[in-house]
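Down below are the structures I want you to see.
One chain, chain A, appears in both complexes that follow, with chain B as partner in the first and chain C in the second.
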Partner chain A sequence: MNLKKIVGRKLSITLLYSLPAVAYLILFFYIPLITIIIYSFWHGEPLYRITRIFTLENYVRFFTEKLSQNVFILTNLISIATFLVILIVAYPIAYFLARMTYGDVGLKIILLILIPLEMNYLIRIFAWRNILGENGLLNNLLMTFGLVEQPITIFFHSLYAIIIVVLHNALPYAIIPLYITIRSIPESLYQAAMDLGSNKLSVFFRVTLPLSMPGIAISFLFIYVPMMGEFAIPALVGGKTYMLGNFIVRQYLTIGNWPYASASTMSLVLVTLIVMFIVFKFLGVRRLYE
Partner chain B sequence: MSFIKVFLKVFTSITILLLIYFPIALVILFSLNDSIYFIFPFRGFTVKWYLKLLEDPSFLKSIFNSVVIALAVSAGSLSIGIPASFAFVRLRRNTLFIGFIMIPFIIPWLVIGVASLVFFYTIGIPLSILTVILSHIVYSIPLVVLIIAARLISLNPNYEKASMDLGANQIQTFINITFPLIYPSIAVSALITFLWSFDNFIITFFTIGSDITFPIWVWGSLRHPTNVPVITAASSIVIVVGSLIVYLMETYRIRRGLGVPLII
Partner chain C sequence: MIKGVSKLLVVVLLVVIILIGVTTYSLVYLVAPMQTPTTTKATLLGKLVAFVWEDFTVPEVFNPLTEKYPTLTIENSIFTSQPEMLAKLKGGFKADIVSPCIDFLPRLIEQDLLQPINTAKLSNWENLFKSVREYPEIWRGGKLYMVPTAFGIQAGVTYRKDKVPSITKWVDVFNPTYKNRVLILNDARIGIVMAAWALNYGDPWNLTSQDLQRIKEFYREHRDVILKFYESDIEARELLASGDAWIIAGSGPAQSYWLKSEGIEAEFTLPEGKGIGWLCGLSILKTSENIDAAHLYIDYFISEEPQYYYAYEWLYGPANEQAFKKIPQEKIAESGIVGPETLTQALPLIDPPNLDEWLQVWEEIVAG
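== the complex of A and B ==
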């Protein structure tokens, strides 16, 4: 009886601790989210004209109209392509840091990568604008050395510029999970594989790569999810590249069709959550925490 | 093996130097150059961009606003997040709670931004620094919980039990036993929420209204090409001060054994 009382009191105190966070998030996150869900089912027209009748037309429009379909597919393709590029750069670095350095040297090098990147989001985009731009450093150097006659423009206001900037921004977010998973593979597995006659290449493809899958999955989420909502990078270096983030910003702030914009945003949320669920389910992210 | 090792070593060094440090070093270098473009050769050393910057009242105001916002976000998210991280660790069936707390962290920031904008507009709160603070705390709470809960999990619960056995009440136990043990993680989460809030552009863009923060100032100035050197000078100051803070924080974190940098 007495014991039950104590347990009950402890539990309620723990619940009490969670109250401020729960209340705050309900008030300033979940209710706003519900607000845009409600908006997404209303009828809207440009210039903030809203009719409060229930309709599914915004979702139908988002998934059937050519423009939004293209933007949606393009954004997914860019996000996945960016992820692959980052993975190709980050994996060798993470592998090197995890397997070929001793003690916390790897951590210190990650720290070195992180220092300039934990801040200065817009400043980094700005720096790349000045390097890749038409009057920028790259063209300046290429023309000084006589490699090109005219300023080259493919690197500015293009897809490549977006990928380069995101590669710069997101590199540590890919390296850190990869480093952790590769580091946690026990040395004995490599020795066993070598003893059983594997060469280095097959050790990599049959031991290291499968066992680092959780790290790859996490870094995919770290890159894919922010990319789906990115609008500053495409707006500043992307030129005509028009991503889902730009589409949503334009619908909210320029065109002013809030119901349609809200339906687009909710579609983005849904897709993000579904992708996350699939990744967590099939790639065994749980193993990382066990 | 040694060939692969050398290759990876060179690859790592080149990537870090060229991809990470080169663009940022350029910004600092050209902030001292007497030209509005990032073009070699150097036109000559000058500090006039810095002087011009200090005459710009909107820049000083933006830095001031950003610091105020970041301080408020840090304080607010800590006072909500510290109790929540206890609940996070101690609740037995906590899957629902974890999901509830973490969803604001894993969806794109754009969604938090537009949802806050629509919400504040609908209930009639005018957009200002206050709304920016309120919207930043949303993603800061899970961030604080992640960092502090990671420390709490590794904490031996017997310390607290011993303290309670010896007659201390909950508050005394927290002040004398638990707080000193988790203090490093609190300090780190205070700093990270500060830095992320200072740097946040995507959410601020929607909830700032007609006010100004440092990223919004950069965004606005980018429209005018003649402003490039002034942005360069401002960026250099932020880069140098910010990197120093991050460096001190992260070395402190590694020394205290608080795990891998950032959020994990």
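== the complex of A and C ==
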């Protein structure tokens, strides 16, 4: 009886504590999400003409229409390419901080890397517009040092500009999980590998890289998932580049086909959930919290 | 331990409840009396909800209105696009006034969202240009549904004179030598009409599916010249000023005026004399509960002072003839402010019969 009372009280206190968070989630996450799901099954036409009848046509259209297919494939390619570029830059930094610094120096440097994130997201993008433009800082430097005679235009309003800006924005999100996983690899494993005749390169490919896969997987999720829905960076520095985020925003705000926009959004959520499942299942992410 | 924690929790909750109570009391009983004099006065003209473009809320124009009618309480609700406005109204948003443009007016009338306007209640009605007052699309069945406040021209071309020799035909905009230098307005109707002009279509509002496919192909062939499909005039102006872009296709004359004032050699032109005219105004919604105040509001915005302000500062063509006459000739010449003749000369912005197909084709063009 006493035990029941104690358990009951514990439960009620836990429920009470969780109440604000649960209420917040229900109001600002689940209700909007459910609304989007309901809309996605209605019939819609441009300029907000909506008929409240159940239909799967929006999902069929999203997965079969050439336009959405192309935009979806392009967005995936850009997201993966961006991740690879970021990984190439972030891995050496994380490796250096985890393996070649002593004490908490690595952590302090990571804090310094995080400082730019304190700046407003849009201001950071606009700052890059000034750097990458035809008369921007980058071109001025290249011309001053005589590296180019004419301003380079490929970095402005192009796919490259998107990758550069995302690289800057997302770099810390790649460095941190990589740093944590590399640092968690026991020193004894390196010594054992060396004792068994491995050279430094072999140690890296046989020990460091496989054991840092969970960090790579988490970095991938941190970069790939937001990139799939990104619309501000392509709109501000991407020029003609048209990504899935821009497609959905236009369906909602300009064309006014909310059911189709909702189905596109839910399809995107579905695809990213599948990718997340695969990453968690097969890339050893579980090792991070075991 | 648990007992201690739950006591603490109860104390925290009590403090929060007391704080909320005190704040609510302060807001209701301390702040409200400060507004009492206004509220008491406001009962004379009452409250008016204006669902309008941001233009109608600028302090230079809005403050004199509230000073002129101190007993009128105006609540502004702003929209940024007409589709957004229509969606909100269809969703049940209640207001007295709405500010549509001529292309969306038929939709509002047909969906029974508007009520007729009584010109006898507008002291400035007769001061509007006759051609503006008699513009056919603002009337339906002998009843007036929109009082025009401003007009102008869009879908012209603004270009850098120091980079581009001249633009005389629409096809010049797509000259391959302007690789990555052209900004195209991201609007299905204007974007397609501009390409139709480049391809010499006589009636760009009547395009068949084949014509639309041809236009899509035209954009695909000339995609290299396009820097981006722009949505913001300010961004387009900034890109032209920085030299990253040389041509804006789909702009009004104001862009070149502002660029010139910043020392940039910019020129506005209507290639082959072809452009699209716009006409916007104010309407009274069916949901209006304060018809008299709604008429006062409209009457104020077509009076001379606000009309002159929008013409002189924002370069809108004023509907009020007296306001137009007051603008110095030099200003008209250098800024490109247009007169009401534009409404008959330019192609009016309307919905093509196959608008859904236009929207789909435009999405394909933008996506490349």
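Here is the rule we go by: the second predicted complex is superposed on the first by the 280 of 290 C-alpha atoms of A that agree within 3 Å, B and C clash if a C-alpha of one lies under 4 Å from a C-alpha of the other, contacts with A are read in each partner's own complex, and residues count from 1 in each chain.
What we mean here is this: a contact is a pair of C-beta atoms (placed from the backbone, for glycine too) under 8 Å apart; a residue touches a chain by one contact, two chains touch by 3 or more.
The model shown is predicted, which means the values in this text are computed figures rather than measured ones.
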item	value
Chain B versus chain C as contact partner of A:His157, first or second or both or neither	second
Touched partner set for A:Ile13, first chain B, second chain C, both or neither	both
First, second, both or neither for A:Leu201, with chain B first and chain C second	neither
Chain B versus chain C as contact partner of A:Ile255, first or second or both or neither	second
Superposed model, chain A: greater residue contact from chain B or chain C	B
Which superposed partner A:Leu273 touches (first chain B, second chain C, both, neither)	first
First, second, both or neither for A:Ile53, with chain B first and chain C second	neither
Chain B versus chain C as contact partner of A:Asn135, first or second or both or neither	both
On chain A, positions contacted by chain B and by chain C	13, 16-17, 135
Parts of chain A lying in touch with chain C, wherever the complex brings them together	6, 9-10, 13, 16-17, 45-48, 67, 70-71, 133-135, 153, 156-157, 235, 238-240, 242, 247, 250, 253-256
Of chain B, residues touching chain A in the complex	1, 4-5, 8-9, 11-12, 15-16, 19-21, 23-24, 26-27, 30, 37-40, 79-81, 83-84, 86-88, 90-91, 97, 100-101, 103-104, 106-112, 114-119, 122, 134-135, 137-138, 141, 145, 170, 192, 195, 198-202, 205-206, 215, 218-219, 222, 228, 231-232, 235, 238-239, 242-243, 246-247, 250-251, 254, 260-262, 264
Residue ranges of chain C in contact with chain A within the complex	2, 5-6, 9, 81, 83-84, 86-87, 90, 107, 180, 223, 226-229, 231, 242-244, 355-356, 359-360, 363-364, 366-368
Contact set on chain A toward chain B in their complex	13-22, 24-25, 28-29, 31-33, 35-36, 39, 89, 92-93, 95-97, 100, 104, 107-124, 126-131, 135-137, 140-141, 144, 167-168, 171-173, 176-177, 179-180, 200, 221, 225-226, 228-232, 236, 245, 248-249, 252, 258, 261-262, 265, 268-269, 272-273, 276
